[in-house]
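Going in written order, the chains are labelled A, B and C, and every chain counts its residues from 1.
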Amino acid sequence: MTTPPPALEVQGLRKTYHRAFGRGGHEALRGMDLVVPAGSAFGLIGPNGAGKTTFIKSVLGIVRPTAGTVRVLGGSPEDPAIRARIGYLPERLHLPGTWKSPAFLATVARLKGLKPDAPGLLRLLERVGLSDAVDRRIGGYSKGMRQRLGLAAALLGDPALLVLDEPTDGIDPMGRLEVRRILQEEVRRGVTLFLNSHLLAETERVCDRVAILADGRVLREGRLEDLARGGARWRVRFAPGAQASALEAAGFVPVGAPASESKGAPGLLVEGAPAEGVYVVDAADVTVLNAALDRARASGALLVDLRREGADLEAVLLGAVGSPGVAA
Amino acid sequence: MDSRRRRKVWLGGALLLFAVAAVMMFWGQGDSGPPPAPEVNFPSRMRGPDFERAEKRRTWVMPTLDAGVAQAPAKPRDPLLAALPRGPGRTAVVIEANALRHSPLGELLMACLMRDGGKNLEQFKALSGVDPFQDLDRMVITDEGLILSGDFSKARYQELLGERVSSDHGPGARVYEAGDTALPLSDGGTRRGRMDNAVGTWNNQMLVVGRNPDEVKTVLDRMDGRGTEQGPPLLDENSTYGEMYGVLAVSQIAKLLGPGQQELAQRLVDVAQNVELHLDTSGDVAMVANVSGMDADKMTDLGKSLGGMLSMARMKAQSEGNTDLAQLLDFAKVRPDGTSFKLELAVPLEAIQQQLAWCREERKTAESQQAAP
Amino acid sequence: MNPVFVIAGYVLREAASRKFILAFMVGLTLVLATVALSLKLEVVDGALAATRLFGNVVRANIVSVDVALRPIFRAAAYLVFYGGILFGIVACSDFAPGLLSPGRIEHLLALPLQRWHLLAGTFLGVMTLAVGGTVYAAGGLTLIFGVKTGYWTVGPLIAGGLACVGFAAVYAVMLTTATLVRSAALCSAAGFVLLVGGILAGFRTDVSRYLEAGVGRASFDAVTLVLPRLSALAVGAADLASNTPLLPGSLGMLLGGVLVFGLGALAVGFWHFEGKDC
């Protein structure tokens, strides 16, 4: 069995935007290396000006790289045959306001070299939740509806790679659920998803791999659970009536307490609203954890809930970039 | 092909295309300006030279009867115009021989007249003592005969007409009746002939040819102001523009129209009164015919019929591939103006040149033969 | 379907939604309808005998219909040529900048088509629009006068075709300008400059005479040698429309030259757009 080539492979990618008449320039990408495995759901995050848009445009052949190589689905993005297998949703998709959605999709389908399939287009519109709006002009669509139509256009032709730039921007919470469901369906079908979203929770929920881009370079990249692994901190909830002093003596720290004593991973805070019976405990392994729990139970405390506490994506990003100016 | 190579191809292609475009446009338009647009001067009114010419011809002060009453001095007049017939239904066409000879059309006609190398002309000059190219100024064709004006002081009237019965007719005028004519030959001998026309001479300036002496006398009387007819001459001084001009009786024009146009001829006779004609040969040959009548509606209808006839003739010429005629009729138009209309026709000089090319060829041949020993 | 045609269809669909283009077509229809209803021509044996406009007799000569219509067709040819190009410059100036605008160009470039397809498609779409408008105007005029006089000629339509070729050269420059600066105003300006240059180029021999000999005249001659000779083409269009003899030279070569210039300008646009970061 052969390993499929990566959906996206970038080596030493540099892009410098030169000003007119050679008056200096701006280096947007400074030697970027990245591999996106086929079939993965990959999220790209980073602060403003990190080079994310330039990177996506380079991947799609919209921007010509200054140096480095880009291989998409095993070929060059300049090859139309390769781009035919890519579905792309730009961040600010400009749609023709006087058209209706089936006509727009039909045009995109023709540009993708697909055979005319009006029922197929209607099914696609139904899938993205626009079946009620097929007779309306696009100019009258809400922002969310436009995003859904853009997503439908990206999904045309069953692409092998979906490059989505802020796909849930402007969509209401229920709509986000729908979009998330569609993306997850696509990933399950084996489609590689490359997602750029400023909604880190969205990325966290959809993607299994993440790269953090800052200042034109990839700072961290890997499986989400590996990046977010917080170390040995556990969140425990005991039934009301547990003796706080006994629990604290057993190594449990109530949530909301100062974090100075925490031995967790850097950047982790024992924060949150103080809640009765909720504690955290640091345990290097399960033996230590069970010993601590045994001590708590010995003091009469009854365990209600136990879960491992890891770092969320925002914390991972903050930890990587070290700056509060976080955005997609 | 990657984008860099493709760019090179586009740039190279662009430069090549610009070069090809420049060559094609240069070739297509050329680098010389367009020739001047053909312009036809239709003789429609007196112009400066016409006024000057008319002014110079006012040489004759008609003698007046002394009635013992003080009269304002009579203004000098053009004797030729005074000699023209009067009244409706008459015809008089003036050919400005001198002006015509110096026009492009005149040069073409001269080539035709001189196509024998000028032998006949020399014979005529020797015979009559008159050089038509030098001495003849105007020629008038009327329904009464012919009037020639010019300088006939060297004319050999005595040798030519001496045997005829003749009589003086007023001061400076003499009338010769029809009779025998002695024609001197180049070898010194004479040949006798007979002319059935009466001839009148007037002050070595006019030569009048008529069917009989009375007609000639009538013309001479008009010149001297002794005519009995009422009304002005057919042409006044303000109508003496063009190289050929005059008034044609509609009956004369009707006779000129072919058998296929008898209906039009009859309408012309019924509706129109007279036709004043002017021909300009200073460039392309342009003719203006001012047809006047009494009934505006009938004249308009006649104008439309004439316009339609010209249009049909043009279309026929086009369909038959007769480009010269089609080109000729291209300039044809009728200008309605109440109880009259103007008919304008033009013949491109080039078309006439092509038609008369044989004259030039024959003249060259004759001249080269004369030059050879 | 070839992506060029799809993009052309995209542009045409966009144009159809432009209110002022629709207004122009409606206006044109009204003008043609007014001419058709208000003009009465009396033809006798192929000669235009009388003309009535809004019931009033227009004093005119009685001449063959085709000769009488010459000045009308000639004026119409000039109107279609220069008026059409001017309207095209204004009306079509923002098609290319619109297509190259952020949010649209990224989406299009991510689709499986070559970059030149976009420009060629836009060019084709606009030219289809120009040809359609010209055929409508010139065809309408021919139809009206044909029905009223019985004189049928394809001259005005051919003249309209020449106008379209002239506009092709102008629009190619506008399109190339759009790849340099995404501005409808600058595209229009480039179109106007080329139109003026093209008029001068058509009269280059006459104009050159008035320039002082030296670098200035040499530069003028060199520049106008390459520029499309639009005024010469307009004269040819008017001659064709009025069925008058053409000026010496080859109109075909002139026409081809102007068209090839347009293709050259388009190739410059392809060259620049191929290396452009969008």
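Convention: contacts are C-beta pairs under 8 Å (C-beta built on N, C-alpha and C of every residue); 3 or more make two chains touch, one makes a residue touch a chain.
This one's a predicted model, so the numbers in the text were calculated from it and none came from an experiment.
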Farthest-lying chain, centroid of Cα atoms versus that of chain B: A
Closest chain to the centre of mass proxy, which here is the mean CA position: C
Chain-chain pair with the highest tally of contacting C-beta pairs: B-C
Gap in Å, rounded to a whole number, between the CA centres of chain C and chain A: 52
Interchain centroid distance [CA atoms averaged], chain A/chain B, Å: 101
Geometric centre distance via CA averages, chain C-chain B, whole Å: 49
Residue list for chain B, restricted to those that touch at least two other chains: 3
Touching two or more other chains - residue numbers and ranges from chain A: 64
Multi-partner residues of chain C (at least 2 other chains): 275
Sites on chain A touched by chain C in the complex: 17, 57, 60-64, 80-81, 83-84, 86, 88, 90-94, 96-99, 103, 107-108, 110-113, 150, 153, 163
Chain B partner contacts - residues on chain A that touch it in the complex: 64, 76, 78
Residues of chain C that touch chain B when the two form their complex: 42, 44-50, 59, 61-65, 67, 115-116, 201-202, 205-206, 225-226, 228-229, 232, 235, 247-258, 260-261, 263-265, 267-268, 270-271, 274-275
Residues on chain B engaged by chain C in the complex (per definition of touch): 3-4, 6-7, 10-11, 13-18, 20-35, 303-312, 314-315, 329-330, 332-336, 341, 344
Of chain B, residues touching chain A in the complex: 2-3
